Amino acid sequence: MGIRVTVYGENVHEKKNRTVADLYPEGMHAAIAGALNRGEGIEATTVTLQEPEHGLTAEKLAQTDVLIWWGHAAHGDVQDAVVDRVCDAVWGGMGMIFLHSAHFSKPFKRLMGSPCNLTWREAGERERLWVTSRNHPIAAGIGDSFELENEEMYGEPFGVPEPLETVFVSWFQGGEVFRSGLTYKRGAGNVFYFRPGHETYPTYHDANVQRVIRNGVNWAYNPAARIADPSAAPNITVDIAPEKIVERGPKLHQDGEEGLR
Amino acid sequence: MGIRVTVYGENVHEKKNRTVADLYPEGMHAAIAGALNRGEGIEATTVTLQEPEHGLTAEKLAQTDVLIWWGHAAHGDVQDAVVDRVCDAVWGGMGMIFLHSAHFSKPFKRLMGSPCNLTWREAGERERLWVTSRNHPIAAGIGDSFELENEEMYGEPFGVPEPLETVFVSWFQGGEVFRSGLTYKRGAGNVFYFRPGHETYPTYHDANVQRVIRNGVNWAYNPAARIADPSAAPNITVDIAPEKIVERGPKLHQDGEEGLR
Amino acid sequence: MGIRVTVYGENVHEKKNRTVADLYPEGMHAAIAGALNRGEGIEATTVTLQEPEHGLTAEKLAQTDVLIWWGHAAHGDVQDAVVDRVCDAVWGGMGMIFLHSAHFSKPFKRLMGSPCNLTWREAGERERLWVTSRNHPIAAGIGDSFELENEEMYGEPFGVPEPLETVFVSWFQGGEVFRSGLTYKRGAGNVFYFRPGHETYPTYHDANVQRVIRNGVNWAYNPAARIADPSAAPNITVDIAPEKIVERGPKLHQDGEEGLR
Amino acid sequence: MGIRVTVYGENVHEKKNRTVADLYPEGMHAAIAGALNRGEGIEATTVTLQEPEHGLTAEKLAQTDVLIWWGHAAHGDVQDAVVDRVCDAVWGGMGMIFLHSAHFSKPFKRLMGSPCNLTWREAGERERLWVTSRNHPIAAGIGDSFELENEEMYGEPFGVPEPLETVFVSWFQGGEVFRSGLTYKRGAGNVFYFRPGHETYPTYHDANVQRVIRNGVNWAYNPAARIADPSAAPNITVDIAPEKIVERGPKLHQDGEEGLR
């Protein structure tokens, strides 16, 4: 069995905007999942905002090794309970990839703990992504750079924490730069942000973009068993302490009592 | 005028528990602020959970250079609107220090984007903090290590993101270790987590602990003006782009339109 | 074909010290390689200080995916030309694992750019390694901690740069702590430092230690082709610049001239 | 007394090349030091390659809080003994700033442990530096970006380790990007790399560049006393161990013996 990928698509502009519908007749999520399924070793399915619980039930997340998120127009419609569930899955070890305008999605903002803002311009300008970490597995098969002839500009300062590694930095025709490939770890889960993918351009049909997303899935995937309760804070009482010690001094808690939250 | 510090104290166990009340008759927040005020260059005030808006009004935060947070029993009673306001201030450039059990406070979990969990034991055991980043300003005046004869144990794995720098690592008598001094940046704000400070021990009367907190204030303080809207995502249209470019291709947005969130 | 590992052993104390010889009759390098060869997917060979060029010829390095280094008594006898060659291979993409006293080996100091010093004590005390990055591939199959009943102590401050990730922190019976598993990237190469392995104790016969080294090999291995000249600094003249530009202003270099070093 | 800055200038092209001599009649080092001396709180002096020991005697380094390094044509002429001394001073707590072509200087390569290579083009093109870490002290007083109308291009991939923080990223007219402001810590010393400064352009007369260098000095400066022997590795024998332990098992070293290197 391959790596089980779930692609979340907001699926709003595909329905409302003729340009987007023409580029992605089955939806952007379907284009992304389709490209992943054409290669070996990945089994990708899709879910959308419009489904109950956005398709992201506890069962679905339990069967997801890596979750890919694309959203733009309707971040606010994503239910907070689903966001909690997604973050919990990441903390337990699920990999997660955020694409483009998902920088303002609820789960990305929650996992980053920072504003996640940027500057932007929708002018169909040229973007060139440069690899800043040579031979990084996410850049496998990409040379030192690749181009997208038409893309939305995202500019610095990008309001995210310093990453584990900066993998790509983008050059834009209009004069801006952007850290466009960033890796993080949150709890036991690997997180990758990848910038390209404005919905009015054919970005997800680009071979290099597809390759980076595939590489990102392989990088984010962790074969270890999901941690059941990734927020547990166990009380290691003196009788089970690694070293023999004797309890001293005043206490707040009685033995066996739960910790405070 | 010195650095303006506000110390948030939960002020619950000081009222309910005789041991804590005896150690900190004016409250733990008052002990922390008092130690800061005894030195030069810092003007510390206090606020508590019980005040309206926990004392953390927009006005108070605007006059706070560094916010220190201690809470344990009543994390859940902190209003979400105040948590939003505090995180916004950090993103705009306010420094913030989280002490001990504040690892499970709402603003720390929000800023970390991770579970922030750990293991624990209340046995009055010995803790020894080792400096892992020589000459770090937060460790100024501390040698290679210092001891606290009685402390609560916190053990790894600590569910936080990899920090900018690990400044202290703790040894515990019962056999555990803990990364007990960690630095982060979130938006424009410097964040420092410092482990010691269980309420049933006289930790905040310890000279080394007081020195580290003072150093932490100096480190976290940023003299730059607070960013007014740290989440703003301005549209840099072609007419104001740094380089002259011509708009191309299909668009979602009309000129002057706000971006989507 | 599996991952090709070369284990460098200094092979000095095995010849001089009866305790070490009894523990590792074929040498420590042979014990380490043997453990790797007992599993699937790795083909380990050994080289020693005493061989011409310490066995680390250009040919040998070209056939090495991951190099493991153990040395202690004779760091100074390692030829500088070989150190250069090893660092060059790392920069080109070879993985490298440094064990225990290799913290003071020439290639480790060269790759870290820092003093790499620490405190130490040879007293056969208990060490307990705690995982600080849950589900990290290097800690796969290890629980939250494991023990070594007799080890040399290494203590903080450890004079190394802040790592990409801190994977293990050690507790020592005598009161010290140590960041005992650290990851780095240098050029295109992954580097892992792992602390245990004093020669007078049976550490490399320990199942957990063997597992971590195996995991480390899998983590450090990069299937990408080795970069031929990892220090090349190509001149991208205006005629091959990604964007059309016109040369302006005064110049030091004539076209086609090499850069300065 | 202010922060004591020493500016090392290679002082070769100023003597050989008319353009450089016209721009910097007293030498580039003098221009850099002069700008620092025009403000408050810094006392800058200069040394050059041509002086005995390049002016960087043990006495001079002992009186230097922050060393600034500019070199290009004659990296190979810098004596290895002086490089060792400089790195030792950094490890002991001296701040250090590397400018432009100093990316290939011996002390930078030594401190980074990596190839430090890049791509380049001398075409007088426009560079725009974007701030990627808002309110970072090194970017104080700079807005979100600033421009240099004529600069040499440096392009990614830049062969350096992942920094503590990426402070600036440059956009170049010819299509490249570069991480042009990077912070590191090596031993107890703060290290800042800042890209601009090709010798045929008036870069060090630019007010923004001067401001960043000044900010960099303030950031790199550490008031703590210099560590006398930053590579010392003391033996903490059982009689001085923090916790009472009894020596066990076989030993290599006799008590009081020096460790191996």
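Order of writing sets the chain letters: A, B, C and D. Residues in each chain are counted from 1.
One rule holds for everything that comes next: a residue touches a chain if its C-beta (ideal position, glycine included) is under 8 Å from a C-beta of that chain, and two chains touch if they have at least 3 such contacts.
Since we're looking at a predicted model, the values are computed, not measured.
Taking the CA centroid of subunit C as reference, the farthest chain centroid is that of B.
Residue numbering shows that subunit C and subunit D use the same positions for more than half of their mutual interface. C-beta contact counts were set side by side for A-D and A-C; A-D has more. Centroids built from CA atoms put subunit D at 36 Å from subunit A.
Inter-chain centre distance (subunit C to subunit D, centres taken as mean C-alpha positions): 27 Å. Mean C-alpha position of subunit A lies 31 Å from that of subunit C.
For subunit B, residues touching at least two other chains, in rising order: 128, 133-134, 145, 155, 159, 162, 164-165, 171, 173, 175-176, 185, 187, 230, 242-243.
Taken in their complex, subunit B has these residues touching subunit D: 93, 128, 133-135, 137, 140, 145, 147, 164-165, 171, 173, 185, 187-188, 222-224, 227, 230, 242-243. Here subunit C touches subunit D in the complex through residues 13, 17, 19-20, 72-73, 75-76, 87, 91, 101, 104, 110-125, 150, 153, 155, 159, 161-162, 164, 173-176, 184-187, 198-201, 230-238, 241-243, 245-253, 259-261, going by the rule given at the top.
The touching residues of subunit C, counted against subunit B in their complex, run 128, 130-134, 144, 155-159, 162, 164-166, 169-172, 175-177, 179.
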